[in-house]
Amino acid sequence: MSQLVRKVERPPRLIDEEGRRADGRKVDELRRIKIEVGVLKNADGSCYLEQGRNKIMAAVYGPRELHPRHLAMPDRAILRCRYHMVPFSVLERKSPAPTRREIELSKVIREALEPAIFLEYFPRTTIDVFIEVIQADGGTRCAGITAAAVALADAGIPMRDLVAAIAVGKVEGQLVLDPMDLEDRYGEADMPVAMMPSLGKITLLQADGLMTLEEFEKALELAMRGIKEIYNKQKEALREKYLAIKREVEVT
Amino acid sequence: MSQLVRKVERPPRLIDEEGRRADGRKVDELRRIKIEVGVLKNADGSCYLEQGRNKIMAAVYGPRELHPRHLAMPDRAILRCRYHMVPFSVLERKSPAPTRREIELSKVIREALEPAIFLEYFPRTTIDVFIEVIQADGGTRCAGITAAAVALADAGIPMRDLVAAIAVGKVEGQLVLDPMDLEDRYGEADMPVAMMPSLGKITLLQADGLMTLEEFEKALELAMRGIKEIYNKQKEALREKYLAIKREVEVT
Amino acid sequence: MSQLVRKVERPPRLIDEEGRRADGRKVDELRRIKIEVGVLKNADGSCYLEQGRNKIMAAVYGPRELHPRHLAMPDRAILRCRYHMVPFSVLERKSPAPTRREIELSKVIREALEPAIFLEYFPRTTIDVFIEVIQADGGTRCAGITAAAVALADAGIPMRDLVAAIAVGKVEGQLVLDPMDLEDRYGEADMPVAMMPSLGKITLLQADGLMTLEEFEKALELAMRGIKEIYNKQKEALREKYLAIKREVEVT
Amino acid sequence: MPRSEEIIPKIKRQQIMSMLAKGERLDGRRLDEYRPISIELGVVEKAEGSAMVRLGNTISIAGVKVELGKPYPDTPDEGAFIVNAEFLPLASPTFEPGPPDESAIEVARVVDRGIRSSGAIDLKKLCILPGEKVWVVYIDVYVLNHDGNMMDASGLATIAALLIAKMPKVAVKEGKVTILDEWVPLPVVNRPVPVTMAKIGEKIVVDPSLDEELVMDCRITVTIDESDRICAVQKGIGGSLTVDDVKYASKLAVEKAKEIRKALPPLPSIEDVEWIVKEGQ
Amino acid sequence: MPRSEEIIPKIKRQQIMSMLAKGERLDGRRLDEYRPISIELGVVEKAEGSAMVRLGNTISIAGVKVELGKPYPDTPDEGAFIVNAEFLPLASPTFEPGPPDESAIEVARVVDRGIRSSGAIDLKKLCILPGEKVWVVYIDVYVLNHDGNMMDASGLATIAALLIAKMPKVAVKEGKVTILDEWVPLPVVNRPVPVTMAKIGEKIVVDPSLDEELVMDCRITVTIDESDRICAVQKGIGGSLTVDDVKYASKLAVEKAKEIRKALPPLPSIEDVEWIVKEGQ
Amino acid sequence: MPRSEEIIPKIKRQQIMSMLAKGERLDGRRLDEYRPISIELGVVEKAEGSAMVRLGNTISIAGVKVELGKPYPDTPDEGAFIVNAEFLPLASPTFEPGPPDESAIEVARVVDRGIRSSGAIDLKKLCILPGEKVWVVYIDVYVLNHDGNMMDASGLATIAALLIAKMPKVAVKEGKVTILDEWVPLPVVNRPVPVTMAKIGEKIVVDPSLDEELVMDCRITVTIDESDRICAVQKGIGGSLTVDDVKYASKLAVEKAKEIRKALPPLPSIEDVEWIVKEGQ
């Protein structure tokens, strides 16, 4: 309906002579991350995550009974996942109905979390992961995975490892860690990666844009460094939550 | 698609100096009402109702088995209700698919009828009420409830009381009973009310437009007077049907 | 979206003085037909058919279990049928979702095949027929039936007879056998017919356009002649397939 | 088809067939006899045209609305019409709410073909600005009670509603369209009548009741225009017909259509009617 | 309503009712007392306006976006607004993904009626080119956690988000619209506040918690505007009210709305604001 | 994924794994060997371009249509393209009719990304009137038989169909667009080739068959452009990869893509082609 184009104009340079990006970061620097655990009362586990201007809410329900029952697996839980953006999370209003992009991302996010969960412990049940993007500024699928993994841990679901995720971009010929929307839009490539960090296993890998083999390998290394940082922040947030509970229990 | 605007032009005055409305009625006067019982052969109960230019067909099926079964309630029947307008019932053709308005009205109509029915007599079944608006001229949800209650009685469903409904409007600062479309469109407020008249219980209440507390209370009183008249017409129509059957039985 | 009209222009004459049609055929001449049996590995039976520029792929799965089970019939198999055109099968791209035309044709094609199949041999199962129109040039429902019947035979489904189908058109006042798209578009009538040829039973009959009773009866006779030719080609294609299998078996 | 209709009452089938063998039907009709037809015109004043048809206990209502729209790209100088048919859940215990299923779509499309093939609406007269603006005629048909032969009830309601429909005149001036407050008839120039027959065993009966439909082997609808020409045919339901069946059915249809057409309103007189006033050209 | 909510916990109902008889509630509130309300403004910077409302543990977030569009044909000189509400599956174990169900649609429509009836948005100011181009205000409300009274949480989030929303000025020159890089407030001129009450047994409580909703007989929402006028009423849930109940509820609503409105941002000052700059006319 | 595919045949998995340990595959291929690829061009004459690809028994058909449309608001001077992929129910006993499921959407989006990232279509050349009228290229891919690796079969069919596609020239005169009766190639300037590999146990095999897909732990597709650059990557299916796996897979993809590209038609020669004739400017 609208003819009104809303986009942030491309600045003359995305990386300045001193290697600083439009928001002042260095090329290998993450955005500020804030993780809150257990923010929703009804969910079995939940996590609110801010990564730069990204704002993500993740919730986990389960393991729980599955309807209709014939979808259940006799030897393990099924994992279901929905990644969704609220209409006002982006500059141009998005229709509330799931887009093809959201359907694809729901699939790859599910497949990124699946290897980490001991699904075989809970036959005939479902574990449901809901990710709502409240505000999007580039890298929301990775932020969603990071938040969902924390919510899964908060729900007490037994896991092989957390899953942490980050994207690497290519901007003006340089690889940058954790690109924001502006860099996605005007950059040359984008590669989201998720891993079980302590196991060294990649559980999500996507890329678009053009990269040589060498760039691709360097991008992988850069992603791994970012993922380690993210992983530490996840563990810290979970530790704080349990310390808070411990304090509460000790007080009472 | 269409640019063609069809609406009835606002007359200079909606109520004249003598307190007469555009169709000649007094402010507290109902439109002419005609109720026919048992007009559809297949339905368990049915009712055709005309209220001014409103033309409504209501049908009831049930209590009957419910598919899929897991929707059934172990201790009572469920009530389902569909309010629908045919595309040619209004000046501007309406799409045949249910609009958000029709979905909301189906819900509140169901909730208006529910308190009157002894649902607990028929566990594990469904009672289905279908209301089709053949022509709409303001106040169709109320007319639909009035017709549906008669159809329920015609179907032999045990009820605490009939449900009768009417709207009160505010037009040029005055409260009017049973506003027609013209008065809805150019009026200041509209308040549909349904009651179980002999029990004095309100089962539907909605309002939009602006009313002071005093106006609101007066509107309620006016609605109750209208509802009593409607109630009498419902009972009369049902009585006539049974007299007709009786006559038929006696003849044969 | 598009304003671009794609249609083949009407030539000055659709049938010339010598009774030749735009593609050189005589009025009672079929288009060139090519039938290949068993072309898809996964299907229980399949058939690829070319009839002029029509290109049709038909596949049969079944008899197989039916989900959800309550749709199954205790005393016979159900037959399900989907006729679908791929978006690029016609000059103007068709939306991939089924149109009302495709839904209607799926129904009449199912009803054309049903009388030929011994459904009572396979209670509680389903037999699924899928017809994909890869390229359409008039007469695709008939070509689809012809192909589906071969695929059913290829799947080893016991049948009373094959079903063969052809359309008769009326073009510039003359009846023509097997009209192509150009003749459909600019002709005066179109009548698709399907039969179980050796039983002399009509299982599909549709018509639009204007025909006198006399024309209609003549059209029926012409259709029957075409159907006989089609029937021979079906049998020949099936025979070849079995000869090929036989050869293969004998070699090994 | 809805599920409960699938369970063919075998006893009833035998009863019906043995009566048919004697030339009789359950409801006392002859094999080639319609149930009483009543056509109520103009039942919905807010529609441009409307009609309610009762065929025995089968009730269909059709309403016509016209709207301004764009022509189809391949017929830039013609108006358009769209037929939509729905089987309402109040019409039968087997009908469910929801978008039209294949049976309702079939009815809509057969009714549509009757109108279209017979040229019943003169679409050229509905073109306002070629390639840009035309009248679109929406025909919605709703079945209110299903007691068999929804096809004919719906087809008759449609043509009856069209015959009495009134639409506004428009004025065109320098490409601008104005709706005038003057009403003219819809340009209807032909009256196609659908005649539906059922084959039960070896017999063909006209206007099948629901009981007959539940046991029939096959259905055939032949639509006949003002000049006794066939303008649409539709075989329906699994089952088959012989060539002789089809020839018999088509002849019977011509005969029946002629009878039934008498119950329809006459064609509107449109000789001097102007639908579009082109000003200042 | 989702299934598991249908199983009314009878023991809890008795417990709640016997407390209510003593004027007490499960969570210690008075019958006419709201849970703590927190309104966080501007939580989504990319939205034109946004607000997150917490009503106890119930959380709703509303976001406002404006887009250029066409006016409705019957109000060619007014902008438009559309309210969409969704209950997210992360908000409750009983919510499922999918398009809004009847309960979410009801919330959207009651919130919409409050805004519309009170004239909260001055739609005339959003008309750019009459009949051709207007601003359309999209209001999306998402429930993030459901602990009862999603109606008031959603209604408050909506009006709060509207009150702080900023939109771009446009310039119109010879029928061409240009979006300027200057931001003005949305023309909001009234602050409707919905007040929802539950009837449990013979008692009426304000701002029902989820526990109370699960056992309530009836629900009533009365929306009150800046001048203490009723601008929307909605009775919900099977069950009934007496006339006295309704009178009590409406008076209570006026009182509560006045309190709650204090937590809302003030009306934007729009006296000298120009939304559309008409150039060269 | 359809249900019956979920039941992993454990015995077959062991059989496949023990063969892989010896460097062998069920169908006799080397681990880095594709099945025979056949590309049939122009199979649908009514499409602007079309191709049917057989990868062993997997069959995909792609068709290209161009239509006039509006550009996206943020790229007013570019044409657009849309990739739609569907798994037809005739392709596998586990596929059901209906709109594309998440697996089909994934194929469409990965194919789309290959085309888009490599700039395979020169979209600027498809702009007719900036901001108003452009060519929209519709690419529809249908899987006719599924025997594993629908991704590569679909990606190859797509690029092959694009490479041979012809579209009409248009003339623009005073803002009016006329379609000419002269056909020019689609401006295709790069040939991305997707290479899909499966990880089964510790081994990576290229072009997995259906048997292999049913037992694989993980899937990775790497799409390579004309200059050996990576233009799209997609890991699929639960399961994980090591960094070394990924490095190996990307190198293998470059090698395989080079081989496969030889089977594709050459890039069209477009140096002197004019798509839009601007008259009288």
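Chains: A, B, C, D, E and F, in written order; residue numbering restarts at 1 for each.
Here is the rule we go by: a contact is a pair of C-beta atoms (placed from the backbone, for glycine too) under 8 Å apart; a residue touches a chain by one contact, two chains touch by 3 or more.
All figures in this text were calculated on a predicted structure; none of them were measured in a lab.
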Both-way neighbours, i.e. chains that touch chain E and touch chain D: B
Number of steps on the shortest touching-chain route linking chain B and chain F: 3
Inter-centroid spacing, chain B versus chain A (mean Cα positions, whole Å): 51
Approximate Å spacing (C-alpha centroids) for the pair chain C, chain D: 27
Chain B and chain D, separation of their C-alpha mean positions in angstrom: 31
In chain F, residues with contacts to at least two other chains: none
Per-residue overlap in chain A, given as positions that touch at least 2 other chains: 2-4
Arrangement of touching chains [line / ring / star / complete / other]: ring
Chain order around the ring, beginning at chain B and proceeding next to chain D: B, D, C, F, A, E
Complex interface listing, chain E residues touching chain B: 3, 6, 73-74, 102-103, 105-106, 108-109, 113, 116-118, 220, 225, 228-243, 245-247, 250-251, 254
Chain F-touching residues of chain A, taken from the complex the two chains share: 2-5, 7, 71, 73, 79, 100-101, 103-104, 106-108, 110-111, 114-115, 189, 191, 196, 199-213, 216-217, 220, 224
Chain F - residues contacting chain C, complex: 43-48, 50, 57, 59, 61, 63-65, 67-70, 84, 86, 88-93, 97, 99, 136, 138, 140, 142, 144-147, 179
Contacting residues of chain C [partner chain F, same complex]: 1-4, 40-43, 46, 53, 55, 57-59, 61, 64, 82, 84, 86-91, 93, 96-97, 128, 130, 132, 134-137
